[in-house]
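The data blocks that follow each hold one structure.
The same subunit A turns up in both complexes below, where it pairs with subunit B and then with subunit C.
== the complex of A and B ==
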């Protein structure tokens, strides 16, 4: 078993796996479809990360440098895996360049796709230029331009963040909670208040899921220190009065209809399964779960096992996941790929 | 009747012109009925800050609407419209008009502190109620309540002498509120007091009423108290952007 281990995807989970493998002296091949490593935090230009507050380009950028600088990690940018055959310990992967690689196992760290807000037209994205997504606000902040209204570049007096855009919505076939958006929104709200102390920020929510330790650090700190307002309402529509945006809906705690003017409306977009999951599943011969993520075999004992022996999975490829947990799962998958999978056996392997 | 289910509309949201003619058509009375919109069209963004700046309101921003305060509330038990949880939400989000609908209820808090005792977020709702009533009064939304006349008389006596004398307070309170001194219950109370009070105690009270004794070295304390009251009142007015 001296063949390298194949890692598909150069985001937090893939970097975590590559880092772990090179730390114990094992070779890996890291295949990334984009022209650079880093995944969503780098390619989508995230700003300050939860929970440490470090800039994505420092935190994840640092991982990228360590991995790219390691002699044990063979990085292939702008590449995909087109064929994958063989048995555990001796797989043959064909890359889009035509290159053949002998690998002992594979880790799928193929991530997710950001929800496209155009699928919720009633909330004005694509119609009004000042309706943006959390990713766009992250980009505004990480680019150093600060938060502004795209229509005319003015600094907003009042910002609304709408939660659960593309999550928990049977209308558009997305029943899951995307797990990160509440905390990310509270984080963004605090950053806006810090950058623009005269700008008020309102968060429109159904439930707040700033789980675990985020309760104090994000949900309450945003209210106690930064005076962010939380309104319990799933708004009906975002329109414009010609000047500013108008949020229409019901304040459910007051039982009154509202039509409140805003300068900037931010969609807290959810995490969809990777658009390419069907192709990935076919190439690697692994099952997807009903929502289109890569199916994990066990919740306990063995982490990161797919339906095919020798193929492991980590990070947001299995469903909405945080950056830090994705990295941890990448490391766990690395251990599983080294044979330390707790004695759990994937069903296909059991059948052989 | 042009509007059905009129009873569901708040009376203050209905307007009618007794005499009105539009383009030669007589639309007097219910023919000109107009319903004000129910839609809340803006938040008062300063409201939470203003109430938080008044004594007692400091922790309003901690509330997570669990309603423990309303559930234990002494006054809510008697009047379901008295709902501290709801008012805290209105104040935090800046629903000023909604809160003012209840301006004549806000001050009815009896300060039993049960809410403060149960509140899991340490909001101290009793203090918030006090701050809200003060806010409504300073903003001119409510008139000064009779209870305030009592407080004023009480405070003045303390400031003057460092002591209070009950008879004087009652007389001062009656004078401020325009009530006659000769009231049956007061007469009855005085008679019974005179009959049952130990002689020495009665003498002491009579002396105190005539000579108005003062706390020894009161001047220093009075200066400090007066200064504090002025500071506090000034801070309250500044917090509300008054003057």
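== the complex of A and C ==
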């Protein structure tokens, strides 16, 4: 089994897998549909990452450089896999360029798609230019332009961050929690307060899920050190009085409806399943779970098993994940793909 | 809420939570009311859980004007706070405008407005004073609807029937009858009904109210009104039966 291992997707998970494989001297082919590696943190231009505090372009950019510089990783940019046939240990993958690759196994690290806020019209995105997403604020900060109101470029006095946009909402068929957006929002709030000390930042929440160690570093610190205000309310509507944005919600602790003016409203958008998952599932012959992510076969003996033997999955392709976990899953999938899962395959796949 | 319409009994502290020492009814009575709500055929489809997010209250028109919050109603039901539920039934549930904006927006797919409707039905079933109070100004409207098929007739649109119009209404009200006469549509010239509903339709409507339990509810709420309506409708039914017989006779003559 000396054929290379196919990795689809060059985000944190795919990079983690490629790094692990080259570290033990195994060849891989990394297929990425975009023109550059790095996944969401690089392609969408994130700013400082949770929890390292490093800039995405340094932290993930560093991984990209290590992977791209490795002789053992064959990178194919702007490419997709169009056909995938064969059996574990001996698959044949056809790329969109027409190139044929013999591979022993495949790791799907195809990630997620950002929720499109247009699907929650009552929260004003697409109607009011000063309603933006966390991704846009990340880009404002990473580009060095600082945080501003897109309508006229002014510096905001009052910023509201609305949590759970595109998550935990049956109205739009998304019941899951996107896991990282509470922490990311607290992080963004602190960065705004650091950049603009006179600007007030309010976070509208149902629950704060800065889980584990993030509680102290993000939820507590954002209040104690940065005076970020948390209001327990899910906003019902974002409108405008022609001058400023107006947020309508219920302050559920004070129990009264509220309407509060803001300059900038930020949607903490969630993580949707990759829009291409149906095609990916078809091409690779793997199952999706009910929400549309790639279905993982749970087994304490092996990580990253899909419904097809020899095809593994890692990172946000299975559902909302953090960067650290995506990298770790990429590395674990690499181990599994090397056959270090002790020969464990999904029961359904083993029966084939 | 001060007096208890059902019993003067105090809770004897059988179960501490959430019944306080000054609970209005004993626990069994409160639970019976809640059971009627919980076992209502629509209850389970209107309530799935609650994120406590406040979207319903933020969009609720009534919450802007009254001490009323759909989130509170949902929370009371979801946490089975039987005392709080009973308390809400004394006044709060009647503040809902039944617009169902809450249901359109709730991220959990609940219908707070639908739950309020269930609570109202149960309040009526239990003959609660709050329900009687709310329905009282509408007794003439109900009489009209149930016996003529008309909701409001021109001669009912007077300040006496609508105290909530306030004193300035007389300025508008005065020429209303004359103005109405000027409308060139024949049906609108009548004062007692807005239009004529034929006998068969009127009886069919009545039968629906009878079958769907509306008449039973009315009996609990206002026995006098109920008696009057039943008398009138019995007479209409007889008229209809006579008319049908006449038709048969005519047919036989042919």
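As a convention for this text, the second predicted complex is superposed on the first by the 346 of 352 C-alpha atoms of A that agree within 3 Å, B and C clash if a C-alpha of one lies under 4 Å from a C-alpha of the other, contacts with A are read in each partner's own complex, and residues count from 1 in each chain.
Operating definition for what follows: a residue touches a chain if its C-beta (ideal position, glycine included) is under 8 Å from a C-beta of that chain, and two chains touch if they have at least 3 such contacts.
Note that the coordinates shown come from a computational prediction; the quantities given were computed from them, not determined experimentally.
Q: Tell me the contact category for A:234 with respect to subunit B and subunit C: first, second, both or neither.
A: A:234: touches subunit C, not subunit B.
Q: Is A:257 contacted by the first partner subunit B, the second partner subunit C, both or neither?
A: Both: A:257 reaches subunit B and subunit C.
Q: Looking only at subunit A, is it subunit B or subunit C that touches more of its residues?
A: It is C that touches the greater number of subunit A residues.
Q: Looking at A:290 after the superposition, I want to know if it touches subunit B, subunit C, both of them or none. Which is it: first, second, both, neither?
A: neither
Q: Answer with first, second, both or neither: which of subunit B and subunit C does A:223 touch in the superposed model?
A: After superposition on chain A, A:223 lies in contact with subunit B alone.
Q: Applying the document's definition of touch, where does A:200 land relative to subunit B and subunit C: first, second, both, or neither?
A: first
Q: A:170 contacts which: subunit B (first), subunit C (second), both, neither?
A: The answer is second: A:170 touches subunit C but not subunit B.
Q: Taking the two structures together, which residues of subunit A meet both subunit B and subunit C?
A: Common interface on subunit A, subunit B vs subunit C: 251, 256-258.
Q: Give the list of subunit B residues in touch with subunit A in this complex.
A: 38-43, 45, 48-49, 61-62, 65, 86, 89-90, 92-95, 98
Q: Which residues of subunit A touch subunit C in the complex?
A: That would be residues 122, 168-171, 206-207, 232-237, 248-252, 255-258 of subunit A.
Q: Can you name the residues of subunit C that touch subunit A in the complex?
A: The touching residues are 48, 51-60, 63-64, 69, 71-72, 105-109.
Q: Inside the complex, what are the residues of subunit A that reach subunit B?
A: Against subunit B, the touching part of subunit A is residues 200, 202, 220, 223-224, 227, 229, 231, 251, 253-254, 256-261.
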